[in-house]
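Chains here go by letter, A, B, C and D, matching the order in which they are written, and residues are numbered from 1 within each.
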Amino acid sequence: MELQVNHVITWMEKSNEKIQTNKDFLSALDRAIGDGDHGINMARGFNEVVTKIKETDYSTVSDVLKDVSMTLLSKVGGASGPLYGTAFLKMSTSLKGREKIDYSLFVNAVSEALNGIKMRGKASTGEKTLVDVWEPIVEQLQKDSDFEAVTIETTAKNSMEATKAIEAKKGRAAYLGERSVGHLDPGSVSSYYIFSALSEVIKEGV
Amino acid sequence: MELQVNHVITWMEKSNEKIQTNKDFLSALDRAIGDGDHGINMARGFNEVVTKIKETDYSTVSDVLKDVSMTLLSKVGGASGPLYGTAFLKMSTSLKGREKIDYSLFVNAVSEALNGIKMRGKASTGEKTLVDVWEPIVEQLQKDSDFEAVTIETTAKNSMEATKAIEAKKGRAAYLGERSVGHLDPGSVSSYYIFSALSEVIKEGV
Amino acid sequence: MKKIINDPNFVVKDMLEGFVAAYPNDVKLLPNTTVVVREDAPVSNKVGLVSGGGSGHEPAHAGYVGKGMLDAAVAGEVFTSPTPDQVLEAIKAVDSGEGVLLIIKNYTGDVMNFEMAAELAEAEGINVQQVVVNDDVAVEDSSFTTGRRGIAGTVFVHKIVGAKATQGASMEEVKAVAEKVVANVRSIGMALTPCIVPAAGKPSFELKDNEMEVGIGIHGEPGIKRTEVTTAHDIATELMEKVLDDMNLKSGDEVAVMINGLGATPEMELYIVNKEVNNILTEKGIKIYDTFVGEYMTSLEMAGCSVTLLKVDEELKSLLDAESKAPAFRR
Amino acid sequence: MKKIINDPNFVVKDMLEGFVAAYPNDVKLLPNTTVVVREDAPVSNKVGLVSGGGSGHEPAHAGYVGKGMLDAAVAGEVFTSPTPDQVLEAIKAVDSGEGVLLIIKNYTGDVMNFEMAAELAEAEGINVQQVVVNDDVAVEDSSFTTGRRGIAGTVFVHKIVGAKATQGASMEEVKAVAEKVVANVRSIGMALTPCIVPAAGKPSFELKDNEMEVGIGIHGEPGIKRTEVTTAHDIATELMEKVLDDMNLKSGDEVAVMINGLGATPEMELYIVNKEVNNILTEKGIKIYDTFVGEYMTSLEMAGCSVTLLKVDEELKSLLDAESKAPAFRR
C-alpha cells in the first residue's frame, strides 16, 4: 500500500467536505471557549486548498502537500493557520520529491508534522490543543505496521473527545482556566475530521 | 370671584400633579411624532416650579407667575420651555403688582399669554401646537363673563382632542408631514392638564 | 436599558464633569452651569462662537470647543435644547467685545431658547448674531413649516466658522462665511436600531429585525421611509441620491465628505459606506477634497450613519484645513 | 444581524478600500494585500513599525498608520490574526534598512503568524524584532499558559514607539522603549452586550438584560465574572481596583488614562466613566498626565468599555506628546 498524489488530493477533498459540513459546529465550539471563528477559518482555508490543488498538476506528493501548506498559511490566519500550515509544510519537506509514499515514510512525515506543531505552538500534550489529537495519532501510527483505517479513526475520535476533560493551558481557551473544562477543543475536532478523512481514503484503498 | 396668590399656587400644584401622573403618557405621545421627551421636560419643570413657589412668600399674583415663568424657562428646555415660560411671563407682566385678579384682568392675562406663545413660536391656529388649545380657551374666556370651571375644562379638552386630526406645520412633528395626522399633539395635552387644573381650582371656589 | 451611568437624571452633569476632567488645560465648565468654554475665554479681538443643543450627540458639542473651533458649547438635557439662562452664560463668558455668533441647529426648541438668550444678551449690550443650520434633506424645505433639521453638517459649520473667527475676521465676515457653509452643506441619515434616552428608559421608536429607517433624525424623529435593510452599496446609493438631488453639483466641483456614525455602528461599516460614497462621487466626476469618517454627531447608541457633503471653494478649503485643537476635531 | 455591509465575506476588503479612499494623501493599500502603509514608506533612516491583527477593532490598526506612529498595519479577517504572507509584505514595504519592529498583541494566533513572517523576512536579510503587548489584567499572568491578552494599551505602544522611531532612534532604543511601555501599561474591559462577526451572523456570547461581563476580551472572550449591571461608579471602581492591584502606583506617580469604547457605547457614558476614574486616581494622589476618551480599540458593535493606565516618566511623557498625523490619533 502506498499513498499517491490522487490519494492526497482525495484526502484534502474529504477533509474539506467534513469541515464545510461542520463549519457552524466548529465555530460554535470556538464560541464557547474561544472567539467563535474556527469553523469560518478552517472552511475558508480548506475551500481554497481544494480549489488550488484541483487546478494544478502534480507529479509528487510533496508538491501537493506544499501547496496545501502554503494555502492554509495564507488563507486561514488565527492560531490554526500557522499550526496546520506548519504541519503540512513539515510533511512536505520530509517527503521531498516523492511520488509514492510507503507506510514508514508516512509515519515519519506525520511525526515531523507533530514536531512542527509543537515547535510553532510551544504546546505539549495535555494543554487542550490540537497536539492532543496529533500526538496520540503519531503514537498509534508507530504501533501499527501498515495503513489502518480503523485505528486512525478510533484514535483520532477518542483523543478528540478526551479534550473535553482537559483544562486549557495554551491558545485562547487558556484565558478561561478551569472554565474551559467540559468543552471540546475546536482545533482537536477539526484535526479529527482530517484524520477521519484520511481513514476513509485508506478504507477506499490506498 | 377673584384669583389670589394661594389660588395660583394651588393651580400650579394641581397642574404638576397631572403632569407627574401623565409623564409617561406625554412622553409616549411625543415618541410617536416627536422625540419622546415632552413628559420628562414638563415633569422636570413643574416639579421645580412647585418646589420654588412653595418655599417663597408672595404678596402678588404677578410675582408667583414670574417665578413660574423663570423656573419653566430655565428648567424645561426644548420647545415647550420657552413657550410656557413666555406664556407665564406675559401673564405676570400684564398683572404686574396685583394681589387679586378679577375676571377681566384674568382674561386679558391669558390673552397676552397666547400672544406671547404665538410670537415666540411663530405659530398660528391649526398647526398642531399648543396654540390649538390656548386660542380656543382665550375665545371661550372672552365669551364667558366670569370664571366658569365647566367651559374651561370642556374647551381645553375638546380642542386638545381636536389636534389629533391636524397635520403638523410647526415643531418637531412637522417633519412628519401627513403622518402626524391621527396623533394628539403632546404640547396640547400638557396645556389641557394646565387648564383642567385651573378648572378644578375654580370649582373649589375662587 | 443597559447603560454605564449613575443616576439617569444626572447623566449630563456627570458627563460634563468627566469631559472637562479629560481636558483640564483646554476647557472648563462654568460653575453651576452646563456650559463648556475654552480655558482662555474670552479670546480678545475675536468674535465669540457659541453652539450647543440637547445632549446625547457627543462629541457634539463640547468636543468642538477649542482653539480653531467653538468658544463655548451649551449642553441641554438629553435630546432637549438648553435653556436661555445657560446660553446667556455662554454668551457672556466668550464675548470679548467683538460680539458673539450663535450656531443653532434648526429645531424649534433650539431656535427659541437661543433666541431668548440672544434677546437677554442684547439687553446687556452684547452684539449677538445667529446662524441656523438646516442640512437634513430628509425633511421638505418649506418656509411654511419648521423647515429642515440641522444634523451632522453642523460640524463643518463649527470648523469653518471657527477658522474664520480665529483669523480675526469681523462679525460680518464670520457670519457671512457661516451662511455660506449652511448654503453649501447637505446631509441625510439612516438608522438600523433606535436609541434609549436614559431618563425615558425605553427606545424612542421600534424597527423590526430586517428594517431600517431612511432619513432618521438625530433624536430618532421618523424619516422618509422604512424599508428592508439592504446592502451598504444600496444604502449609500439611496442616501447620496437624496443629497445630490438637492445640491446641483457638476463634474469638476469639489466636496468635503463626512461619513458620520450615529453611535453603535462599527467604524468598519462607516468605512464600507465611504467606499461606496467615494465610488459614486468619482463616477460623477465630483472631486473629493477631504473625507471625515467617524462619530461626529451621534444619537446615543443608535446604529446607523449619516452622509454629509459640503461643496467647497478655495475659501472653504483653506478654512477647513486650518489648525484646530478641539478634542473631537484635531487638525 | 443588522449591519451596513455588502457581502459578509468581503467586509475587510471593502473597509480597507474605504479607509484608504478617505486618506489618499497619507496612506495606501499595498496591491492585492490587506496591508495599509504610509504613503511615503519606507521612511529613510527610521526603524519601520508594523502592527496589525484581526479586523473588527477599528480604528485599530490602520487608523494608527501615519507620521509619528505606525508605518504599516496588517488587517486579518474579522477577529482572526493576519497571515504570515501579508505581514511579510508589510515588513518589506516599510524596511528602510534600519530594521522593522513588530508590535504584536499577545494572542497565540497573532504571535505565531507574525513570528513566521519575521522568519521569512529574516531569510530575506531584514532585521526584524518584536514586542508583544499583554496589558489585560483580566487574565492571570502565567508563563505556563498563553499569558495575558493585548488590548487597548497597545495604542499607547503605537504612539510612544512611533514617536521614538520618528526621532531616528536605533532599533535597540526603539525596542527598549516599546518594552518599557509594555511593562508600564495595564488595562481591563467590561461588556454590556456582545458583538456579531459578520461571517458568523450570530452573537459571540449572550448576556441577560441585567448582566454584564467584567474582564471581557476584545474578541468576546469570556472575562472574570458575570454580574448584574451596576452603576458607572461601581463599574469604574471594580475595573480600577483590578488595574491598580497590578500596578503598584504610589501617590505622586503620574499616569496617562485611556477610557476606550468597545463600539456601541455612547461617548456620553465614556465621559461618565472618566469622571469616576478621575475621582479614584485623584483620591489616591495619582496625577493624571493626560486623558484619552473615545474609541481606540473596539470589538465591532459590542457595548462596553475598557480602562487603561500607563505609568509615565519624563521620557514617556514627551513621546506621548510628540506630533502624530495618524488619522485616529492626531496630536
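Quick note on the criterion: a residue touches a chain if its C-beta (ideal position, glycine included) is under 8 Å from a C-beta of that chain, and two chains touch if they have at least 3 such contacts.
For reference, the UniProt names are A, B, C, D = phosphoenolpyruvate--glycerone phosphotransferase.
Given the structure is predicted, the values throughout are model-derived calculations rather than measurements.
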- line: Looking at Cα centroids only, farthest away from subunit C lies chain A
- prompt: Taking each chain's centre as the mean position of its Cα atoms, how many Å separate subunit B from subunit C?
  reply: 32
Task: With chain centres taken as the means of their Cα atoms, state the distance from subunit C to subunit D in Å.
output: 29
Message: Need the CA-centroid distance for the pair subunit A / subunit B, whole Å please.
response: 76
Task: Determine the shape of the graph in which chains are vertices and touching pairs are edges (line, ring, star, complete, other).
output: line
- line: All chain pairs satisfying the touch rule are A-D, B-C, C-D
Residues of subunit C that touch subunit B when the two form their complex: 54, 76-86, 107-109, 112-113, 115-116, 138-140, 144-146, 149, 197, 199-200, 204-205, 217, 219-222
Field: Residues of subunit A that touch subunit D when the two form their complex
entry: 27, 31, 33-37, 40-41, 44, 73-83, 85-86, 120-121, 168-172, 174-177, 179
- prompt: Inside the complex, what are the residues of subunit C that reach subunit D?
  reply: 2-6, 11, 14-19, 21-23, 55-56, 58-59, 63, 192-193, 195, 209, 212, 229, 231-233, 235, 259, 263-276, 278, 288, 291-293, 295, 298, 300-301, 303-305, 330-331
